[in-house]
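Labels run A, B and C following the written order; every chain starts at residue 1.
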Amino acid sequence: KNISTLISKDAIIWLIVSSLKGISQVILIENAVSGFFILTAITIASYSLGVIALFSVIIGTLIGKIGGADNTSVSQGLFGYNSLLTGMALFLFLSGDDRWLIAIIGAAITAFFTAAMIHFMRKTGIPILTFPYIILTWFLLLTTYRLTTFKISPELKPQSLSNWTLDIKGETNWLDGAVNGIGQVFFLDNNISGILLFIALFWAGWKIGLYALIGNFSALLTSYGLGGEYNLIFMGLYGYNAILTIIAVSLVFNENHKTGLLFGTLAACITVPITASVVTWLLPYGLPPLTMPFVFCTWLFLGARKVLPSF
Amino acid sequence: KNISTLISKDAIIWLIVSSLKGISQVILIENAVSGFFILTAITIASYSLGVIALFSVIIGTLIGKIGGADNTSVSQGLFGYNSLLTGMALFLFLSGDDRWLIAIIGAAITAFFTAAMIHFMRKTGIPILTFPYIILTWFLLLTTYRLTTFKISPELKPQSLSNWTLDIKGETNWLDGAVNGIGQVFFLDNNISGILLFIALFWAGWKIGLYALIGNFSALLTSYGLGGEYNLIFMGLYGYNAILTIIAVSLVFNENHKTGLLFGTLAACITVPITASVVTWLLPYGLPPLTMPFVFCTWLFLGARKVLPSF
Amino acid sequence: KNISTLISKDAIIWLIVSSLKGISQVILIENAVSGFFILTAITIASYSLGVIALFSVIIGTLIGKIGGADNTSVSQGLFGYNSLLTGMALFLFLSGDDRWLIAIIGAAITAFFTAAMIHFMRKTGIPILTFPYIILTWFLLLTTYRLTTFKISPELKPQSLSNWTLDIKGETNWLDGAVNGIGQVFFLDNNISGILLFIALFWAGWKIGLYALIGNFSALLTSYGLGGEYNLIFMGLYGYNAILTIIAVSLVFNENHKTGLLFGTLAACITVPITASVVTWLLPYGLPPLTMPFVFCTWLFLGARKVLPSF
């Protein structure tokens, strides 16, 4: 709690390890080596994105530490992962040279929001997941319509639902689809990064890696079967929420191991219509769905299990 | 909790009775005979709708039972009514031959959502009402804009609020209005079904039937007085939320009998502007208000009573 | 609890004092003299607005009293301020001769909603602030699109975000900006009223007045720096939420005095992008942001402090 103690060698090592764990918490694991692989995957895709990611997670972790949050939580990286994602999302979805500053400030605000959500959800016994990052990123992207310093990326165009027509045509590429899902968790659509991310998952545990593959595959089949847009499917945009959801429901927050895989797979499949729905709901604002489908589906299944203990 | 015990004769009777009670829970009562009258009213209006309704309520009840939920709640039908409504709504508001399958799957997901909401609202001491059905139906209707398998009924058209003009002209038909309100709870606008539904209400208790009439009449007068669209008023679209609200506020969740009728009638009147508001809010998405005005007004009054005990 | 006791002389004095305190609660203080200054400021700007404000706050206070709410809360004016704001907002944003009646009824419903929110948020230990007023006012303004009795002011025009273009040009007037921020809390843009409102703040405590100036100044600089619309900035539309936020975060709900000013100023600055965002979010509905940015930012910081006790 004393700032001077933070500058010792031990403190720096603690900060690095906790921040790397924070990076790995995005995919719901607590493993510094996996965090390092993920950071490498991001940096390979874009050097500046890697720098922003590292700074963002460090800021979140520091705010948790200096703010006097529960030490175990901070060390597990639980104050870093939302900040990391906000920093990366703002850097990617804003344009202009000073967006890095906005990304870093956004990452800092996210750490406060993370703390607030931990307070508001404490009594429910349900984890906050990536909710703070999603809401704050949406809010900060919307400011671009009123504040000239913030400039939104031209690919995020608001559109009235009454003018929308669906065209699902496009190429099918199942191999890309298999790798891209995990990449999209970190906004990456680069194959090498995708493979590094899978290494990060398998390093944390073979079950995590395997379940991620099952979740992604379930979402690919479901979205293909329900007639989603091929471009989106094979870019992994229907898969990343499913991967996170199956890891959360089947493994990380599963106290009853018997039906874990069954319900996680079910939850992964349900992220597909929920993603379609969230995207439609956001269309008039031109906002991306981020990981909201994962948050909704995971809350739904974790909450349901508290009342349906046999599942 | 053992599946084999469910297949005995006793178990089947239990399932039928609990499901019929589940049907009656839509209008906040627990009475298998009333449930049977309601199922008849639905089946008279549309044979296939009756089948979907029955399957949906059975699935919800089974998920509650097999999931190991509190036995009393499951037997009272509390895991069935949201599933029933989702199944019916999806069957009616989607088009295409395979919508029955989507309706049944939607009913099953609703049972999990019901369980989750019971968990999230437990500490408040306020009932979840039809919230899970409303949210899930809205979500699944929105998927039609992104997944070709789901096709929305052409009558649900999104429209920008800036292009909207109000024209309230139309025929006034007070008799239809008197009967249609209760029918719209189950999406029916058929007079015989309306009368059967009133029989279901009076069977459960003369007070419930009488209060339903008072609630519907209050809403008719309020919506007429505030200048609502005549077509909507006399099709019962301003009345069904008022009926549910007065039953909830005056009778079912009323521990203090003295002012029950007064506050229930007040709450019923307030559903009218809230309905107008919810419809406007949903216009850009082309979604129907379902029973959201009932949920909002009932939560408002039940919550208020916890802090204002003299009312 | 007995109505006859309310008509004694003591009861009338109690009602007036509690209602004046209710007026002062809008700016988070409990001081009848400040309330009187505020009422004067409103009445100077518009005689009829002053009458509506007084009636609204009295109705809210009476509902709290007659409903049997906790006596201390009612005496502190906690059942009055949301009603006051709803009454004023509806009177200003609706048009037509009978809007005063709608304003008064809206004020009454707000008192019930206030009670309900107190119940729903009790376990969080976080105050409800002006949330009930905001939500109910938005709902009642939206009814105008469906009920002919309610007519919305022509200045509230819904607009698709896809048709929106930002033009920030306009005159800069820092003196007006300094005074208008506080006025906009009560929808006033009149300089004399602004000065009276500052008197009300300083009367309650020099620190409250000083912090309000700091909060307003922070928001002026932030909104100017981030490139907001000059018209809005110098009319005080970026300042009023910042004033309320700094008072809430730094003083009223601050148990840890050391970092109060720092975090309050930070929160005040963050209201600026949040205001830009809320305005954008509401654009398709043509609704004003009211004090929602204040509520969001204050909840964020008060919630965060529960988990980050060193801040």
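The rule we apply is simple: a residue touches a chain if its C-beta (ideal position, glycine included) is under 8 Å from a C-beta of that chain, and two chains touch if they have at least 3 such contacts.
On a predicted model such as this, the values are computed, not experimentally measured, just so you know.
Chain-to-chain contact here is organised exhaustively, every possible pair of chains being in touch.
A turn of 120° superposes the CA atoms of subunit A on those of subunit C, with the angle given to the nearest 5. With centres set at the average Cα position, the gap from subunit A to subunit B is 35 Å. With touch defined as above, residues shared between interfaces to two or more other chains in subunit B number as follows: 123, 160, 284. On subunit A, the positions that touch subunit B within their shared complex are 123-124, 126, 160-162, 164, 166, 168, 223, 225-229, 270, 272-274, 276-277, 279-281, 283-284, 299-311.
Of all residues in subunit A, those touching subunit C in their complex are 1, 63-64, 66-70, 109, 112-113, 115-120, 123, 139-140, 142-143, 145-150, 157-160, 284-286.
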